[in-house]
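Next up, some structures in structure tokens.
In the two complexes that follow, subunit A is the common piece, with subunit B as its partner first and subunit C second.
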Partner chain A sequence: MSAIRVLVGVLGMDQHEVGAVAIAKTLRDEGMEVIYTGCFNTPETIVRTAIEEDADVIGISSHSWEYLYYMPELIELLKHNALDIPVVLGGSVITEEDAASMRAKGVAAVFGSGSVMANVVASVKSLAARDTAH
Partner chain B sequence: MKENLTRSGIKLSPVYQPTKLDDDYGKRFGNPGEYPFTRGTRAYSGQGWIQRELSGEGDARRSNEQFKYLMSLGQTGLDVIGDSPTMSLMDPDHPLARYTVGTQGVSLCCHEDYRQLLEDIPLDQMSISSSAPSMFTVASLYLVAQERGVSPAKLRGSVIEWPFYSEHCSYAYKMPFDLHLRMSCDVIEFCSKHMPRFHGYLEDTYFFSEAGLNAVEEAALGFVEIRHIVRTLLARGLDIDSFAPRIAILTNCSMDFYEEIAKIRAMRRIYARMMKEEFGAKDPRSQAVNIAVHTSGLSLTTEQPANNIVRGAVQTVALGLAGVSALEISTFDEGYRTPSKEAHLVGLRTQQVIDLETNINAVQDPFGGSWFMESLTDQVEARILAMVKDIESRGDPADLVSSGFFKQFFHGTMGRYHHQVQDGEVVKVGMNVHQMPAAEDTLLRDISEEKIPPLFDRIEQLKAWRAARDQAQLLAALGRVHDVVKSGENMMEAVLDATRVGATMGEIAGVLRQAWGTPYDPYGYLKSPLGGEQ
Partner chain C sequence: MTPRIDASIDALVAGTLAGDLRSASRLIRLIDDGAPAAWQAQKRLFSHIGKALVIGITGPPGAGKSTLTDCLIARARRDGKSVGVLAVDPSSPISGGAILGDRIRMNRFALDDAVFIRSLASRGHFGGITPATRGAIRVMDAMGKDVILVETVGVGQDEVDIARLAHTTIVVAVPGLGDDVQAMKAGILEVGDLFVVNKADRPDADETVGYLQNVFRRTPAGEWRRPVLKAQALHHKGIDEIWQAIAEHAVYRHSAAPALKARQRANCEIELRSFLRQGLQQALLRKLDAEPGILEAVADIVAGKSDIYAVTDEILGKLRFGEEREEEARAENVVLRPG
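And now, the complex of A and B:
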């Protein structure tokens, strides 16, 4: 079985990379292939890279409220391209209420402040497995 | 000067020193205001530190209201931060800026914004500290002061310079390092000539240390940058004493109480010796560095936000004991947002309670002579110096920036910190110990989670305002900015002229990039008003 391919990135003008860098390292340590796209992404660049890199899962790290606007755009753009790639969102600024709203809009999993890394890893693994089962 | 007494009536001396003064005391410590300034850069004034809170939200008018509110609470200096686009030299109508205009700081991009931002602020009395791109901040401050009939020579405050680390920690200029460095040096040179009371170079070690650095790493990287900028200015033929008196440092303060005090004492001593012995500074003001502090946002938690008030208070006590020149507390809602009105009130009142109720400012450097604190200060100092030496031994620091050495370093510290918190090595009450169910964690949560919506209106207004400018005048001024980059002269006069006729920060920054042979818009959305391939 080939390694799970995860795209990790940050959207818009959000330049707080601490979370993104940490999750990228953790996923690599778990044996996954991480495509780290850094900052200044838009839904368009994320989708384009996900296609080019054949990503199994997309992971977005956020320390800015921009995600409230960008995430629904990203989900729509994936649908528009007929791509069934699950999107995981993480970031300490995400409140319980906003997490629920993101899930309702199609984000596969949301991790707010204080999340345990092992849970994030397990979630990515199970989403990737679901993805390959299609 | 008023006499300070304890509640029991014991007289407090402004400074305590050994009963027998010897050479060692003079070499290692000196009294406050004496070389090597370990114990403080100024003799006792009784005034304490400048008390301010980070502000900036929405547009310039809203931020001006914030200033007035903070001043009404007794704030003694202003501290303003730009929103993410502003910090990254991007105008609010840039497509990538759309969802973040005015949400994490104030949106500033032109002279008119600064007019509104500073309306009714007494420019000759209030110190104005800006976390915003220095070239444009200084140009606008200078122009607004002139318009208001205030001599720019009277302006006080500071602006941050960050050529080394901005691309990798929070605020990317997307400019070649050499261009960014030149902008910084031009600003410092300009300020030393025309705004002699203003710190045209605030070395901001706060923002990059939030990438999970410890105290030694923070100070070492700060000194690497200071040393490179000083060398660059000296290579221009400037006299060290013409600019060094106006270098200041803004540091972080974590929850490691003793080490943070030792760090500030060690930094004052390292700076003094470096300036005098290595760079030959003769003016004592060039050897005594003002240190201001922003308490650590990274030390705060989104869980149980009221705990953050306590963290801010503890950090403020540490800084009062260390003797800093100015202070901002990262407020209880920091995990989610820039400070709310309520958080501003609590932050400022925290500073005032500690300043006015505790006698903390009655005695300078009260830890001086403590066996423990002097040992810790020596050890922190030795480690900072060793790390500076190690980094400089790896090659020209400018090449280390370009080769990604620091980027890699920050990625390492980010990951390390994250794991330290995950593993509980860094203890955070309410987050990795003494947690409570989310449903019960309600104190101050509503205020902390309240959002600042993006200013979509401002985007449309700016587009209309752009079109109404005198285009011929604008293009001519931008053309001169382009030429001055090529000429190698100080760019400030050309930037002032362009700002005066309505050029925006994004346009001027784009033209600087273009003249350097790099794309006008590094994100590939915009075209240069000057035309050309880029």
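And now, the complex of A and C:
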């Protein structure tokens, strides 16, 4: 028996946890194992936790501007550690423009305001499948 | 979905033995997923284990197991010990998914290189831990962790598997949870080596402590008398006393060698039988999965052309289990119609 393992957390001083909890529950209901790290994570703690938990995908929920600062750092740190773990970013504050810049910097998928939950789920599933043998 | 194995099993084993976090983490995943490669790896690790002190932390949901685990990590680190943590949370019986959130309470060790925290989902297993827990303990042991803390799912009464894996099992209770009848229930009270009444700043804490002490009062001389300790894990209170009791239990375990040997033998027998059962089950299920005609049989049953009992007998007969079943049935008939 096996399951997709997804790390879900919020970065920096952002205390808006409702979105992270909602996506964690949705992914759980889709049969995934969600390692939930709550608020106040840094790129360092996210990377270390992803290693310890053998996460297939990292999901970051953001409802503050801080992601503009932390996400590139997270992507760089993953690269620096030679970790090929796709990162998905979701949150109400992400503009089309910033989403494009995030993608350009290496974020695998970005979901802004008004995104459909089913699309987030499908994205996580396909990114996890990319890394699996069966 | 078992991840692609980038590294060879050789590399994972060598990495784990050298204390490499990524190798150990991937190996635990393979064990958890029941990957055939994991079996080979564990075989090779087996001669390198047995050095770690394994402490189980169990108790009802909300008792403060994760917070106490956090305190015990801190206490072990103060002694310069490296620590492995296995935190088990329940899988949803509906979706199979899980939210694994115990490690939030241990966040202050997120970047401590001597601490490795791993969450496990119960994956349909009852008993407070998972079938992979023992394997995960062995991986952490082999990578050189001095102390391994295993936090179970919040348990009720008879989920006591942890006691078979841990050297010392801590049962965390909270004031007001158990009246006299609750406390007399078998299971969790029998497997605890030491009891912690957490949230002891609550007014009825002494009552709970007194009750538990009363349960263990008539411990025969020479046997381990289970201590009942008060703690406030959230405020880091009572932790030194728990650490001391763990040390005293270790002294007892070493002095009680014959009793320990018997327990070890019993545990080994259970594990060996469970491995054999698993192997047998997998082999049989593979045979069953390869059996054609199940869907046609279902259609026939639903259409009223055949009955489900006859179809079961027929398929098992094809798999060559029919005879045993008939013999069983005959044996039952003999019993049913004596003379």
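Just so we're on the same page, the second predicted complex is superposed on the first by the 131 of 134 C-alpha atoms of A that agree within 3 Å, B and C clash if a C-alpha of one lies under 4 Å from a C-alpha of the other, contacts with A are read in each partner's own complex, and residues count from 1 in each chain.
As a working rule, a residue touches a chain if its C-beta (ideal position, glycine included) is under 8 Å from a C-beta of that chain, and two chains touch if they have at least 3 such contacts.
Everything numeric in this text was worked out from a predicted model, so none of it was measured.
Undergrad: If we overlay the two complexes on their shared chain A, which of subunit B and subunit C does A:Ser126 touch? Say first, second, both or neither.
TA: Neither partner.
Undergrad: For A:Ile35, using the defined touch cut-off, is the partner it touches subunit B, subunit C, both, or neither? Pick first, second, both or neither.
TA: second
Undergrad: Touching A:Lys25, do we find subunit B (first), subunit C (second), both, or neither?
TA: A:Lys25 sits against subunit B and subunit C alike.
Undergrad: For A:Glu96, decide between first (touching subunit B), second (touching subunit C), both and neither.
TA: Touch partner of A:Glu96: subunit B, not subunit C.
Undergrad: Which partner does A:Gly114 reach: the first (subunit B), the second (subunit C), both, or neither?
TA: After superposition on chain A, A:Gly114 lies in contact with subunit B alone.
Undergrad: Regarding the shared-chain residue A:Tyr69, is it in contact with subunit B (first), subunit C (second), both, or neither?
TA: After superposition on chain A, A:Tyr69 lies in contact with subunit B alone.
Undergrad: In the overlay, answer first, second, both or neither for which of subunit B and subunit C A:His16 touches.
TA: First partner only, subunit B.
Undergrad: Is there a shared patch on subunit A that both subunit B and subunit C touch, and which residues make it up?
TA: Residues 25, 40 of subunit A touch both subunit B and subunit C.
Undergrad: Which of the residues in subunit C end up touching subunit A in this complex?
TA: 1-5, 21-22, 25-26, 28-29, 32-34, 91-92, 94-101, 103-104, 107, 110-111, 116-119, 121, 123-124
Undergrad: Any idea which subunit B residues touch subunit A in the complex?
TA: Going through subunit B, the ones touching subunit A are 84-85, 88, 90, 96-100, 103-104, 169-172, 210-212, 301-303, 335-336, 411, 414-415, 417-419, 422, 431-432, 435, 438, 449, 451-452, 454, 523.
Undergrad: Quick check: in the complex, which residue numbers of subunit A touch subunit B?
TA: Residue list for subunit A touching subunit B: 12-19, 21-22, 25, 39-40, 42, 64-66, 68-70, 92-93, 95-97, 112-114, 116-117.
Undergrad: Over in the complex, which subunit A residues touch subunit C? Could you list them?
TA: 1-5, 24-25, 27-38, 40, 44-45, 48-49, 51-54, 56, 128-129, 131-134
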